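What follows is chain A paired twice: with chain B in the first complex and chain C in the second.
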Partner chain A sequence: MRTRNGSVGAAESPVTRDSGDAAGRDQRPGSPGDRYLGIGLAVALLALAVLAVTTHRFLSLDNARAILASAAFVGIAAIGATPVMIAGSAVSLATSQTATVVAMLFLATQQLGLWTALLIAVAAGVALTGAQGAIIGFWGSNPIVLTIAAGFAIGGAATWFSGGTPVNPAARGFDVLNSAPLGLPLAVYVLLVTTAVAQWSLRRTTAGRQMYLIGENRAAARAAGLPVGRVTVLAWAFFGACVSLTGVFLAAFNTSATVTLGGTLTLDAIAAVLVGGTAIAGGRGSAVRTLGGALLIAAISDVLLLRGYSTGAQILVKGLLVLVVVIAVHVRTTRGQR
Partner chain B sequence: MFPIGSLRSGFLAGALGLCLLAAACGGNTTGSSSPSSGSTSLGGKTIALVGYGSANPWGAYFNKVFTERLAPTGVKISDMTTMDPGTQVQKFNQAVAQKPDLIVLSILDTQAMAVPIKKAASAGVPVLVFDGPTDPSVAGQVMSVLSDNVKLGEYAAQNIIEGLRAQGRTSAKIIVLTGTKSMLVTQDRMKGFERVMATAPEYQVIEEQDANWDPKLSGDIAQQLLAKHGRDGVQAAYGMADYMALPIIQAAKQAGFPIGGKDGLIVTSSNCFKAGIDSIKAGELYGTATEDPGTIAAQTADYVVRYLTGKKPPRSEMVQEERVTAATVGQFAEQCGHA
Partner chain C sequence: MTPSPADRPLGPYLRVEGLVRAFDGVPAVREVSFAVGPGEIHALCGHNGAGKSTVVKLLSGQLTPDSGRIVIGGQEVGFRDRQAAQRAGVALVDQELSVVPALTVLDNMLLGDIHVPFVNRRRTAAAECRRVLDDMGLGRIAPDQPLSALSLGERQLVEIAKALSQKARLVILDEPTATLGDVETEHVFAAIRRVAGMGCSVIFVSHRLTEVLGLCDTVTVLRDGRSVATTLAKDLTVDELIVQMLGAAPRRLSAERASGQADARALRIEHLNVPGRLTDFTLTAQAGRVHALAGQLGGGASDVLRALAGLHPRATGVVTLHGRPIPFRDPVRAAREGIAFVSNDRKSEGLFLGTSVARNLVATRLPALARAGVMVPRRERRAARSLAERSRLPPHRLDERVTALSGGNQQKVFVGRCLDDGRVHALLLDEPTRGVDVGGRAEIHRLLRQAADRDLVVVFASTELDELLELGDVIVTMRDGRIVSRYEGDIDEARLLRDMTHGALEP
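For the complex of A and B:
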């Protein structure tokens, strides 16, 4: 099978190899470089843990709840983005625009009832994102270029049709989405369920395992007869459903929707997936890792806020964290291929 | 069946065709070719509107009212609106090169726009700034119709003090989520807010965070600050716009804080949107203030007419701002209900 750096690796069939076990593939006999990398990451995590526990009020139930709540919206979208990245479609740069349009639709249809509005919103998100997946999966379109174009088109259409004015709901059925059973926002439960579904699908279903193989080497997967197009569409459709859920929760939280509602969701979701250790080139990663990435970013932002650092400092640290993890994953991946 | 290459070509051609069709049919130009009878005629005059883009709800309604007000005069308006500070500088320079009779400008980056304004003055192109002020170094080179941001900040502080005193609190702690701190608009609001809060030293601002006019970021920061200080540690919150104050309310509700009433969190804003008005009516948002786009758009359009007809309006005008609470919400619901 041809590896991503162009060398021809061991002659193993992509249809027989258990690609779903990404963690298993990561457990190669450790080279000294791997050990240093592991030690470096362990030291960094230890330093973060020390910083966290010495921060006033960090170790409180209220703060844990706040970290989970602030990770929920981005986390749901990031979980959706994980299969897309694993399947080798890199990232979507239209995430915030899609979430915004879904949020607008959700609020605009509230008079039809909560469940109908939810169904319409999720169907719209799946259709918009699944269509992009079809163009990427069946026509081999570049996902970055395509989703930049899609982002402009979706954002432009939203501005055109709404006239830039906020969408305000005619009914308040969505209020139930702001509830907090057992003290945790409903979005947190949805994040956990979404993670479990994504993890199970990636590990235990044929389509999930095929996503790893396609991400590892798309050309070889196609040559081996894997349904590249169909599996790519499935990954993107799942992503669309997750982005829709984020959009719906954003709409309910803000009680109105403007074309800027999605904010920095696109880059935040990508950051969470990357910090979780999913390889941007595909073939490696998991939903549970992405959940860890989202929680880690939320926890670091929380520590910085509690210690009185500004919003700018939080963004800077998030950027540095993504950079370090991407480099670490890249080093580890390329070393494994030598 | 068509080969894939033909399909791609067909798809691209179709997309291009749709774009051209949309451009041809959807040319929502912001001018009017003929003035209505009985109104001031400004036929032959041109304005470059380098304002907020319609992706922003405030900007969208401003642009709508401004163009509708001027349409009967026959003045031609070039739409050069944007929400990107870098693009705004480029568009402003293009506008100067076109030498319109007036550039109507809302500034996204105060410092970045100082040099282009000097260039416009050198080129003899008059500039009317609306909403936020210019950099002080070029304030003498422009005309202006400004929101009274200091007053908006004062109203927010009055809302908080009034709400806390109505609850009988003799001490309280307050968190503040501002707009982008580098903007003069934000700085002016904080000046007014701090000035009035200083009259009630029993109430103390314990946190002031830059939420960058971002509703999602406002919600995230509010969740963390409320967790940091706990239910007994925060009694009031100021989100600089309604769309920043409402996420504070949602975050507080999810964290188990009571809202408003006899002992709940007092939350205020300082410029109104329909969602904020609805929240005041529901007894959650304590208060807000006007700075609605319709009022400033009407006053700016009126200024343009006076200027272009040679009536020499004063160099700078301030829009009258109003405080909105449950007691006055009925009076301002229509005014604030368009964005």
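For the complex of A and C:
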């Protein structure tokens, strides 16, 4: 409950910061509100940690492995969604459908060999998602509306393509994706590498830096002649690649693909990004934060699972967690900006 | 609205006495007094910065005065917000329309009206709306028409009708005709005369001086935050009004400025058109000189700059910069060809407010500070320092958030971002010193002069006489989206103001 106190304190500070533009007066950042927020979040995390370590079997190597493994699939897609959100095009509501189609393609092309199948699958994901990015970036289409439409179209295509029956692979080259070098599932390594690549690209490449600027103030970016369209497409294409990787791992894990394979991936990925504290309005956030968000959600689900709560309770807590973070972080940032 | 002049003693309905209001210690209104009688149309004139909008905000409850009295109908009032003003019978028709295009005429009238009960009878409201529209001679507008089906002028008329339906006794019109054509303006005036005829007091704020004299009974002129004269309109000519606005004898500025050599390095604009906003604008802006586009709100100066920056979706014409064509509708290519644009809205179309000063300064030239798409921090640092130095920003504040700076310094960051000589060949600025204090303004003017001295093309749009005269080597006056005249060297302040306000040519 301390988090709530923290967020209330924080909500007051941006008001004063907002007026910093009034002529003549200089103001400095780092208000007490920020401090309350930090303290509140720290206390909340500590409470969770205490809850976790007092849970039987939580502090075991096996369990840590389980948390990482369960964070990996959603995490990879969420890392991909991070630049999209930072660049200010909100979220995609077509994530699970895209992952499903990619998974089907991947399994259906297994006879061409693992690498060819992988290439086809990722290329398809990048093309599908990048095309949405182009429409959003160059034509200024609303991402929510567009991705809802795209989700229906892609999901429909998947149903049509598979005839409603599971797609089964003709060869089993994909088994290598289910391996666990050094005791950790391959997907965990891919998650870590993806995080590192995204983090570095966002901070250090021109395109990454432009994503922050465009997300922060799209009108200003446009008036300044920044390549808004191109950078938006790039963010979405990267997202497409990440979703494809998730789709491929899902396919390998399930060894067959049905139209419901993607499940709740769409909202899970958004939840991980939000819990990490990336601003849904764009302009701030990072891949490492998203990784933290994905791990936190996985850890909490794990605690609840070990304590014998049902799936329903896990989903409920996930929802509450997103809500708390959204109030604590996002209300603050959006007020501070506008 | 039912006029009842009988139950009130004669004398002014509104009396303003010794109004004072400052912002952060800077006075915007120093001493304003005037009175408006029932049924009188009273104009407030004065050029930009004279304090007109502050007075309007004080009267409509958006600001509270530091001292002075506002007396309405014999009672001193102190409004805390617009609702309170509305309760006292004051209605404001804003510069920017506050009507909602998607709603019907009736809904717009009900919107924000404090007299509307939470549960209301639509039929009664519609009848009342019909009556108010008829009162204004607007029989052709139906209450159930969506506003989007009406022209801009008709929407303005609905705004006025809305003010009337709120039982207003004092209607304040702030630049109601800035974006209207002549015919529409005439309709609005007819409506205003009717409103006054019903006993309502009207305050009319406008830059268009001929209109002011044609419409109003009395004119109060504001200068530097003071009311300097109140005169009957029939005793005034436009030229006398201009003299009142400028104070003493108009200054005549001599040509002591550098006269640049005509050469091929220029921004050539031919037959630039923006439907509904700009008509056939042609200008050759030589490198090394500062060009001023002078015009009031809606005059088209701002549209010239936006079109050149690629931000006007419907612009047509031919533009070349140093011989190379600049495409329309493409801000990315305009920037690549060397056009840098400083918008008049620093907050929403300028700075990246959540980011540091340094990152704002280098925001537009990241590719130049990278190797193979990867940023080189050392180069970035050096670029930020040199731009800060050139734009006279304190180097120790580079890592602070840009919102921590004062308005003047923020504007310097915005302008400083464009002072990248390798890449920028033409600097276009819309109101370069809006919301900037006097010191910051002088520094920004110096930056622009220096940019011109380094052989950049500098074009700026402004509504402020002082700024136009101080900075412009060449001044182009505009009105209603057209060029009125072009001045070089010897420029007469009064003539400039006359061009901008009522477009008369050679006397």
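As a working rule, the second predicted complex is superposed on the first by the 303 of 338 C-alpha atoms of A that agree within 3 Å, B and C clash if a C-alpha of one lies under 4 Å from a C-alpha of the other, contacts with A are read in each partner's own complex, and residues count from 1 in each chain.
Quick note on the criterion: a residue touches a chain if its C-beta (ideal position, glycine included) is under 8 Å from a C-beta of that chain, and two chains touch if they have at least 3 such contacts.
Every value quoted in this text rests on a predicted model; they were computed, and no experiment measured them.
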| item | value |
| --- | --- |
| Chain B versus chain C as contact partner of A:210, first or second or both or neither | second |
| Touching partner for A:283 - first (chain B), second (chain C), both, neither | second |
| First (chain B), second (chain C), both or neither touched by A:220 | second |
| Chain B versus chain C as contact partner of A:66, first or second or both or neither | first |
| Residues of chain B that touch chain A when the two form their complex | 4, 8, 26, 53-57, 59-61, 63-64, 209-212, 214-217, 219-221, 223-228, 230, 243, 246-247, 250-251, 253-256, 273-275, 278-279, 338-339 |
| Chain A partner contacts - residues on chain C that touch it in the complex | 23-26, 309-311, 331-332, 334-336, 339-341, 343, 347-355, 359, 363-364, 366-367, 369-370, 373-375, 400-401, 403-410, 417, 435-437 |
| Touching residues (chain side chain A, partner chain B) in the complex | 56-57, 60, 62-63, 65-67, 69-70, 73, 139, 155, 159-160, 163-166, 168, 178, 180, 183, 185, 250, 253-256, 258-265, 301-302, 305-306, 310-312 |
| Of all residues in chain A, those that touch chain C in their complex | 17-18, 20-29, 204-207, 209-210, 212-213, 216-217, 219-229, 283-284, 333, 336-337 |
